[in-house]
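Order of writing sets the chain letters: A, B, C, D and E. Residues in each chain are counted from 1.
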Amino acid sequence: MTPAYVVRRIGFYVLICAITLFFAVPMLWIASAPFDASPGLGVQWPDWTLDNVRKTFDHPYALHSMVNSLLICVTTAVAVTAFAALASYALSRVRIPGRDALLYGLLLLSSVVTGTAAMVPIFVMMFQLGLIDSRFGVALVMTGGLLPAAIFILKDFVDAVPKSYEESARVFGASTGQILRDVVLPVARPGLATILVWAFVNSWGNFLVPFLLIRSIDKQPGAVLLQTFTDEGGSANLSVIPVFSLLFSIPVVVLYLLVNSRYGFRFHGGIKS
Amino acid sequence: MAGIDIEGLATVYPNGVRAVDGLDLTVADGEFFALLGPSGCGKTTLLRTIAGLENASEGSVRIDGADVTRLEPGKRGVAMVFQDYALFPHMSVSENITYPLKVRRVAAATRSSVAERTAGELSLQGLLERRPGQLSGGQQQRVALARAIASEGKVLLLDEPLSNLDARLRLEARTFLKKLQRDLGITTVFVTHDQAEALALADRIAVMQSGQLRQLGSPREVFARPVNTFVANFIGSTPMNLLDGAVVASDSGAVSVAGGSLPASTGSVPTGAEVTVGVRPEYLTLSVASAGDVAGPAIRGEVVVAENLGTSSLVSVDCAGTLIGVTVPEEDEPEPGTPVVLTAPEQRVLLYDKESGELLARQAAAVA
Amino acid sequence: MAGIDIEGLATVYPNGVRAVDGLDLTVADGEFFALLGPSGCGKTTLLRTIAGLENASEGSVRIDGADVTRLEPGKRGVAMVFQDYALFPHMSVSENITYPLKVRRVAAATRSSVAERTAGELSLQGLLERRPGQLSGGQQQRVALARAIASEGKVLLLDEPLSNLDARLRLEARTFLKKLQRDLGITTVFVTHDQAEALALADRIAVMQSGQLRQLGSPREVFARPVNTFVANFIGSTPMNLLDGAVVASDSGAVSVAGGSLPASTGSVPTGAEVTVGVRPEYLTLSVASAGDVAGPAIRGEVVVAENLGTSSLVSVDCAGTLIGVTVPEEDEPEPGTPVVLTAPEQRVLLYDKESGELLARQAAAVA
Amino acid sequence: LGSSDSGGGDQDANRNADAKQVELVIGANAVKGGKNSAGATFTQDVLIPKFVEAQKAKGVDVTVRFEGDGSDDEVYKQKLALSLSNKAGPDLMNLDGIWVGEFAQAGYVKPLTDTVGDAAKVDGWDGWAQIPESVQQLGSFEGKRYGVPAGTDGRVLYFNKKLFAQAGLPADWQPKSWDDILAAGQKLKQLPGVTPIQINGGTAMGEATTMQGVLPLLVGTGATIHTDGKWLGDTVKVRQVLDFYAKVYGGGLGDPVLQREAKGRDKSFAEFAAHKIGILAEGDYFWRSVVEPKEGVAKMADRDTTVGYALIPAARPGAGVKGQDFVSMSGGGVVAVNPNTKYPQQAWELLQFMNSAEMVEAALDGAAKITQRTDVNAKVLANDPMLNFVATKVLPITQYRPGLAEYPKISAALQQATADVIGGKSTDAAARAYQTAVAAAAGGKDKVAGN
Amino acid sequence: MPGRPARVRGPAQDVAGLGVGRALGFVAPALLLIGAFLVFPAVWTIYIGITNYRLTGVEAVSPSIVGLANYTKALNDALFHNALWLTCLFVLGSAIVGQNILGFALAWTMRRARPAVRRTVEGLVLLAWILPSTVVAYLWIAFFDRDTGTLNSILGQQGTAWLIEYPMVCLILFNTWRGTAFSMMLYSSALQAVPPSQLESARMVGASGWQTLRDVVFPHIRGHVLTNTLLISLWTANDFSPFLLTKGGPNHESETVPVYIYNVALQGGELGYSSAISFLLLLANLLVALLYLRLLRRRS
């Protein structure tokens, strides 16, 4: 082993450590504050207690909001994945004129329209549709916002599924439905899983849409509830926030771990163009 | 009776490429038929058009007497093995094999018995629960075959099924495939660009070039009498020598070539006519020049390099600036630099038109 | 002088696979040396260890007398051509060829003259401005060779450079490669799993199995006298027949096999000893049985199937339940079902130890 | 005048007046376990059951639902406005007093007399008598009552008696002018680690800057931000206020960085509680909920002995608005009736019930807080000298913000001006920038008052 | 033939036998949702952008069409210019440079790292990506906090109010932390598409690490770099999370366009104006996307 090699190895590990620290250190708060008797902004060795946890569990809406979050986000993630799968499959396999322009156009729109500016149209439309105070309505709006990017990403996964699989099934007489169900979807599973997680994560943190569209506090998801942990002067309630943040993060992490261990969370062939 | 009749078939891709360009072809029931040709000549396209994966632009395809030109692939009664096998990676071997039955909603019990039986026929017992990713290339190929067979098509279409196997495995798979086809008696169309494979396996061979048929015949015919220089060059494990020559005298039956001459049944080809002389390295005889002059037409030259072919060697001989390949038995391989004399029997020397490259008609007739 | 000396070399992958397992090997200066073996035997690993792309775990590699075992690949003076050629798709042919010089900061003018010259040697003139994607497989292979040559290594390493070409092209490229190496006189190590390629090209062949050397010798030696059944089975365009047999009588020089017998120089192998009898299809003679009994040891059987090999056919004969392959000239191919008799000359019948598969020592000595 | 012609007034105010099955919704920016948790709890657990019970006695089956949010006021306002613009929304809604004007202009709320239909019925409510005239202003716009105020507050100067003692300042400190404040600040500056004065400034504090800083100072100069349909522009009095900021933050008496932090106000609370701030201008909320010894967000166990409070002085004695010596600003919520309610009469009844002495007192749940009703205040504030101080000394001299749509932007312009000064700009530059901003926000120079 | 007559057009031309009709059927549900919840509101927003609509006050009742007044206002609005400039900084710093480079560096180094190391590092990076943004905001406020903040504790110095003194630097760091995962994953898969033999070829001829990257790796992943840059640029330009950290402050020093839009819409209530700015942001995005498509097409 040459000295140059050793130096490079050391450099490599120093770099890895630095990057790891950069990513890990900000997360320490959520590991320490929930169990600290006097949680503050900042990381300190906790004065261990489970009081905060108890307080959070005693909160009238905390657990319920998680259920709402799950309802909304599972619906959204499943709808996004299902519709994006269908659409990206068709777009990948059939040359529809103006396909690429369509994809880029929608992608551009989606990044802008989900912002604050569109809240009036969306509210009014949902109101007219009678979907105010409906978790399903919230899921619909989120689905519409996430679909373009989902189709964009998923199409590359589907492009990477060898066409001979489908042709082979087709020669055996499989119908389009059978081809989709038996061949394409299972083969594109890592992609679907990735999109599922992506859509779930994105809808999980969304505050504005459910806030605007849902009236009853007992239907509000966790992202909205997390905003209510302040008093009338705007001071954050630090005995509940850390624990709730922790609880609120668990489902996304669990979902990610589950999907990652089963299908691998990655961009299959890579997003090309 | 599950023959294939192809009439005036043309397949044009949306980009305008006429990949199959007006083809007439009949494959008899139970025949093992090879489509042979260089890369890009349209073999795959023809096969896919038969399967219905490409639309015929002109002409018709009939299978078992019925016109299937406009039928969905699944309704043509064909089974196909793809070059990459297209085994479904998420299904076990047995699920793969019985997928065609599952599509037709055959009961699970029947399916598993079919899987057992087919696996038996193809020596895949014990692998039924594996995933394709856990199989060797040869095993994968057999699973793909098993799946095609299980689908009970009347016609089996194979697109270069051996080309993904390594050299040794390819030989074994070849023999296996030939036996299997014999046993099943299923009409089989087989695409390859490897002439040795086609010769070894097929009952008949169609040689294609640029979407058109160049020659159709038994392996022996195609090997012995290529109808043009294209086929001549393409067939044979060592390329045929194609040399510029001229008819010495129409009645003497000899052509001058590479500073010497060779016997040839010149038929009605006029004296002095320029021709392309085709002779396979296997049919040339090499004698060391110092062994005295040989009687009759011959070519003199000097050994350049020799390639070992196992029991024989391919010797390249420089004859007045033209390189001629000759196959000699391993024990007779001369050293580079040795002066040698080449001779050939008259019936092995083929004459082609210099312009068109076609086998000269009279000559062809004389032999047929 | 740019020979390669390998001593006690082992390469162990992080997952514990000993891909190269204690190997001693010397490649002489200017030699064309082939590494041959089935898939996964460690050929590529050995080549990469010579190149420095893998770290040797034990042993040493010396090139041109200097120990390079711990040197960076770029400093060993070797050039390598990869199986997929690894041409840079975004560079023109001439940029590809001169990239090694660019890395060494050679002036642009010098580079372009090198590109011209090398392209001339490899008949690539006129292609210099194209991108690799616009070249045929054969041309790509030559560009890869040109790049390797332009890098002015003392040793050329080739990892299956022909396997990506289609069958016909492979034959042409083979001859081209052999001539080029002759002309340049550069020490060349060539990896292949195709025995025909190794036989045709190499001055010497090393047959590997499981990371170890099984046989080392000239193509002729390896073909005629495989030292064990593994090599016997691996070498030859048709697999050697390896049959269960027993020595009939030590002094009579015959072995009983497949219901018949064959002559063999049994040497000191005791009577009744069970052996594996190896005989190549090319060395067996087939006579139609009705032609009357043949004198001497012979095996009787019935033709099962025949594969056309061009000028000859490979006939599978069922002899008391054992399939034996025989090569016959094309005109003598018998119909399936014909009863036939097989004979072989004594010196072509090899005896292997039933257990170890090694060529029986006495016999080996008798022949050498 | 059963039906006026404005907006929803074409509906019959007596619609469903005799319904036996009634459904009402109360909306508020309050939620159990979160923002205004106590208010939400009271409404859900006390008010509603009591009302339902009372109605049942009358033979009416009422269901009252509480729709609680718990968000930033701006977001809540937006959501409410969206609902109202679609003629939906809760039947009774809590509004910030300053929204009344803009909601009224948009037709989202109507004068109570219009909604309820019967002026006599509304004006005849006995509760009005208990709500001081100045407090009623909170729920009024252009002279009409749009809702019932739901409590109010007042602003004072808090100071830390311990620090004062160390700096040699009196425990019963009461500045008479701005200079007195600065002088005290100079003394406090001697103490290590202490920020002498915290007057909210800058944009990060948002409305807290305007309410606890600029406006109390401005009324101390005798000006109000909106008079006679015009907004106050770049005037001497505005410059006076900005000068004061410059003296505090430029002279090392305040912590300029704190004014820029997103959570700066929370931080100022924590620092005061940790004895690091000498003088702090805040509302009574600070006393009740921040430094409150048991439940406060920045508890001070020794609040009662350590925290002192004083009236905010005018710039000079007598220079304040209406010639006052001392000034203050107040805000507070209003409960209004949705003009589109299905049950206007029942909603009005619920509103009265909600503001009955019994309910107002019950809402406090034993806590001391300044309510809208004087009778309740007299009762519950007796034991809290500080709140009593606000109720009796501050409320009479206090001012409210104008409830107009433009106000938030004017407020932002004021915040920006202080931010500029704290950031080091000259008073002159900041004031001129303010003038431009005000003109833009008010919609024309003609709507801006000059010197 | 029994049943249906033979079809004239022949089997469908795509691999799955879908046919254009059914393909449209497959795309329809997605397009419907997108149309309803994305395109329709977008068009409406554009309309609002030419009015003086507010949610309260007189203009709520009768908004009037003011034409391009909102746009001319934006062009003269110093705060909008400021926001635009800050957005450019934000995108440049955190997306184009931060996430891109860190993501690539991670993908490049993790390629050969031991699986355990690789899993840990990638897991952490991904965790930063999947945590809900409200939670993440708290994490970073705590990290940068002036008094008890982790950063100050690490540096052993008290009282630096990072979010106040260096708001854009903080935001860029924050967003780099938050978004690197996407680039890392994308580049990981892109790098897998670079044939190892090409890297080894470069090594064989003695190319240095930098030469290898420049001559071999980048030309291969150029398309990926561009797509990735486009996506993360768009996402960053439209990212609202800066609001959660700094609310645009102090004194507009971190008020990127989305935050500005929010402030104009909610604090100021000027929906017409905020819609106009949204549309301008859309145009800016479009410009970037077109630029990107040009670059991509220039790929030989």
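The rule is short, and it goes like this: a residue touches a chain if its C-beta (ideal position, glycine included) is under 8 Å from a C-beta of that chain, and two chains touch if they have at least 3 such contacts.
Keep in mind that what you see is a predicted model, and the values were worked out from it rather than measured.
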Chain E reached from chain C - shortest hop count over touching chains: 1
Interface ranked first by C-beta contact pairs: A-E
Mean-CA-position distance for chain D and chain A (Å): 39
Length of the line joining the C-alpha centres of chain A and chain C, rounded to whole Å: 55
Chain B and chain C, separation of their C-alpha mean positions in angstrom: 24
Numbers and ranges of chain A residues touching at least 2 other chains: 41, 119-120, 167, 170, 227
Junction residues of chain B - those touching two or more other chains: 52-53, 72-73
Residues of chain D whose C-beta touches two or more other chains: 75, 78, 82, 263
Residues of chain B defined as touching chain C within the complex: 38-39, 166-168, 171-172, 174-175, 178-179, 182, 193-197, 199-201, 219-220, 223-224, 234-239, 280, 282-283, 305, 307-311, 314, 316, 330
Residues of chain A that touch chain E when the two form their complex: 12, 15-16, 19-20, 22-30, 33, 40-44, 79, 83-84, 86-87, 89-91, 93-96, 104, 106-122, 125, 140-141, 143-145, 147-149, 151, 163, 166-167, 170, 176, 179-180, 184, 197, 201, 204-205, 207, 222-223, 226-227, 241-242, 245, 248-249, 252-253, 256, 265-273
Sites on chain B touched by chain A in the complex: 51-53, 72-75, 78-80, 82-84, 86, 88-91, 99-100, 102-104, 151
Residue ranges of chain E in contact with chain D within the complex: 54-61, 141, 146-147, 161, 163-165, 245-247, 249-252, 265-269
Residues of chain E touching chain A in the complex: 14-20, 22-27, 29-31, 33-34, 36-42, 44-45, 48, 53, 55, 102, 105-106, 109, 113, 117, 120-121, 124-135, 138-143, 145, 147-150, 153-154, 177, 185-186, 188-190, 192-193, 223-224, 226-228, 231, 234-235, 237-238, 240, 258, 261-262, 265-266, 271, 274-275, 277-278, 281-282, 285-286, 289, 293, 296
